[in-house]
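Across the two complexes that follow, chain A remains constant while its partner is chain B and subsequently chain C.
Right after this comes the complex of A and B.
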């Protein structure tokens, strides 16, 4: 409160006196797993808070399980969630995009023309695609070679393309270097597309061209591929010449340093960075992502702004819905502490990530994290992955756990 | 024998530099790492790399432990006539391997 009075002293002093005694204001930008959770938990931790959530979409389409929609194993409607429950929690949900942030005046300008003042700001803007990051891939190219890395129309476009592909066709997918949203996502997608092809188009192939030599749950994925999709799914690593250097959307061609691959369906998992508003607010560094204090998720670059979810550089924590949800709760508690002049508690965070190799074949990785040396570090010995030689029943059970996880987290965030 | 990928343009032009790209699947063990019981893992890197065009050396390079695993090399070569580009490298175990590719000058 003192800070605000100082900042806005002078001409505005008189009308501001009344406001200075008003409730503390927190604005949350982005209504995904991070932002919607943060908004709700801010209200729970301090019911006196004035919390505004800025999110352009009235219906949010979630990414987890969208690979199963692409493979025809799930209804798109199951991915869609509204904000009634968030509103019922006392959050002012405004369906407008945040356009600019004035960090000196501590206000957010929204596309609806309204200016929202804040005492603390929570940014959960997710990812944006770096259109200049892969030669030949721009917004127009995405309508030919979908990324489907933000769920929605792109998810449906890729589904339609797979349905239209004749049997005997080749699906090619390029995967970028780290970091990107959902580290095991490309491999789950390749698996589920392979599942679809095995069932409906068994003469077809899927080729994964990767800019990396190693990936999340690699041994589990590769063992399952050998078992379920022999000869149908091929993964080409960086050291096998898998790094894609250019795409041609007109001919659906992927070029590597050592050759080119023509696709019948071409999927580009593109290079990514924090949502544009982060760079606009000055909280993103040269990597395109946002360095944060792991105790509070407050930006290392701009005080008073917290960054959570995929946009944040969260050390060992992956960019996942689970992580965004966990970070949002820690951040909300820290914001409430800071607004009340208290020292935030040191957090422990958990992430669990289920992947489907087939609809009834689930694998998982779990991790526990705590702040250490200024970053979020993995607690050694905590967490782990599914066992490599588990019986089929355990894979079925893990697929069910995955679905239950989805039901639980979407109920907590949107329900 | 390790896997080597080589890319030269299908056709090159006399006296005009063209790019040669090479990807060698080699662990390039630096000698600085230790295994799970604390024993030093012996150094095993490609320590010497030579590229010749019809027997004439066009690139000769010593490699050091800071070079990454699976090294990717790109360099320019000028040819006056069609010939055979030969890439030869030696690792710390003394293994020598040579790969060749034809260069066609228009």
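Right after this comes the complex of A and C.
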């Protein structure tokens, strides 16, 4: 780091000038929680770096708390963030998608027709939906049965559908097998929709059809459902016939091995994989996700490319905004070390995910992780969920901490 | 002109140092209403140790502090003390 700055400052002799012009270049693909954080911290950890962020959207719509927007408890505008602060940090923000990555030449081709060379590339493209993964569910179907698993127009569509549903209607939501973005997200959504129905359409029901027998913070969710939404929210596990095998968007029907369920509002949390550019770059494996070295987040498949956030196979770390942000900072530090010929330090990472069961009822799960046997592993004795027997004040407090977390993390990433 | 004091210089050096293991995750929650930057290192270390032992009740910090040994918590606290 210091070496390059000295070269820049005192770059008088001809060979040094040539070096000085070759500032190390890092390209970051994806301006969400992982990518925007990585771009900013790369500049902070090494102000001499040339950092370009490729992101097609000029405004990013965040998923955390979008379930509360869907339930009518929060303004959509609170989900939207621009890139001025990222630019102010000295990052070249380009609003164009990366289209192809030439890993031999180390260049990224963008939809604006420009080619961006890199010394190291960071990918944080989030998820893409596997449209062939659930029979009957394609892009057209998503306008009838929203997923709202990428926040934006889909979030608003689902909100409108719930508002238009008559009292006495049935909301049905299907949940895929692991892994997918935000493990507790479907259950938070079911809870907050139940909260909305209890208040505004108390004769209605919500049915959750799950391809799993167990889920994140399950005990806490189920205890809260019993207390807050008795008879209104029903969860059907895999063993009880919850696995959805086909959907029909025309009739809003969900088929399972045990029968079919007709919905008034149908929500599909679809099967997912790493954003398509990951497969294009050759960093995704047959699972659709990207194996990485837990020390540096460098791809196990293609050298010089680092993968963070939802797209990465991060061992015990869940696919969360908190995790993407934490990984981005560790990855940025490792990239700076590697570019300066230094050995990266062994990292330690933290995750904390808050879920709302109701606007004033929060629960959390936390974990601390370190590389072990080539993957990010849980540190034994640390982490875990909120206690099952906590008093009501603690649930209120955790709902408040969740909100504070949102304010702090969005300020660090976009503010 | 103000000449930097030895302490100031030491802090500058620490601030320029890369974060010790775990420290960069803290700002996921800390900042704004729950600042850590510039907080006195001894005070932060003692708080973290009390969370770790359970002596000080918490919602989530006890679960997190248990993922570090006391010397690691001390390094994290010192790094944050030097941050602006």
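Structural remarks
The rule is short, and it goes like this: the second predicted complex is superposed on the first by the 394 of 415 C-alpha atoms of A that agree within 3 Å, B and C clash if a C-alpha of one lies under 4 Å from a C-alpha of the other, contacts with A are read in each partner's own complex, and residues count from 1 in each chain.
Convention: a contact is a pair of C-beta atoms (placed from the backbone, for glycine too) under 8 Å apart; a residue touches a chain by one contact, two chains touch by 3 or more.
Note that the coordinates shown come from a computational prediction; the quantities given were computed from them, not determined experimentally.
When the two complexes are overlaid on their common chain A, residue A:254 makes contact with neither chain B nor chain C. In the superposed pair of complexes, A:213 makes contact with chain B only, with no contact to chain C. Of the two partner chains placed around the shared chain by superposition, chain B is the only one that A:239 touches, whereas chain C remains out of contact.
Of the two partner chains placed around the shared chain by superposition, chain C is the only one that A:386 touches, whereas chain B remains out of contact.
Once the two complexes are laid over each other on the shared chain, residue contacts for A:195 go to neither chain B nor chain C. In the superposition on chain A, contact of A:326 is made with chain C only, not with chain B. Judged by the touch definition given at the top, the superposed model places A:349 against chain C, while chain B stays out of reach. Comparing chain B with chain C, the partner in contact with more residues of chain A is C. The contact surfaces that chain B and chain C form on chain A in the two complexes do not overlap at any residue. Those residues of chain A whose C-beta lies close enough to touch chain B in the complex are 213, 238-241, 257-259. Only residues 18-22, 24-34, 59-60, 63-68, 72 of chain C touch chain A when the two sit together in their complex.
Across the interface of their complex, chain A is touched by residues 3, 5-7, 21, 23, 25, 69-70, 72, 74 of chain B. Across the interface of their complex, chain C is touched by residues 41, 45, 322, 325-326, 329-330, 333, 336-337, 345-352, 364, 366-368, 370, 379, 381-384, 386, 394, 397-398, 401, 404-405, 407-409, 411-412 of chain A.
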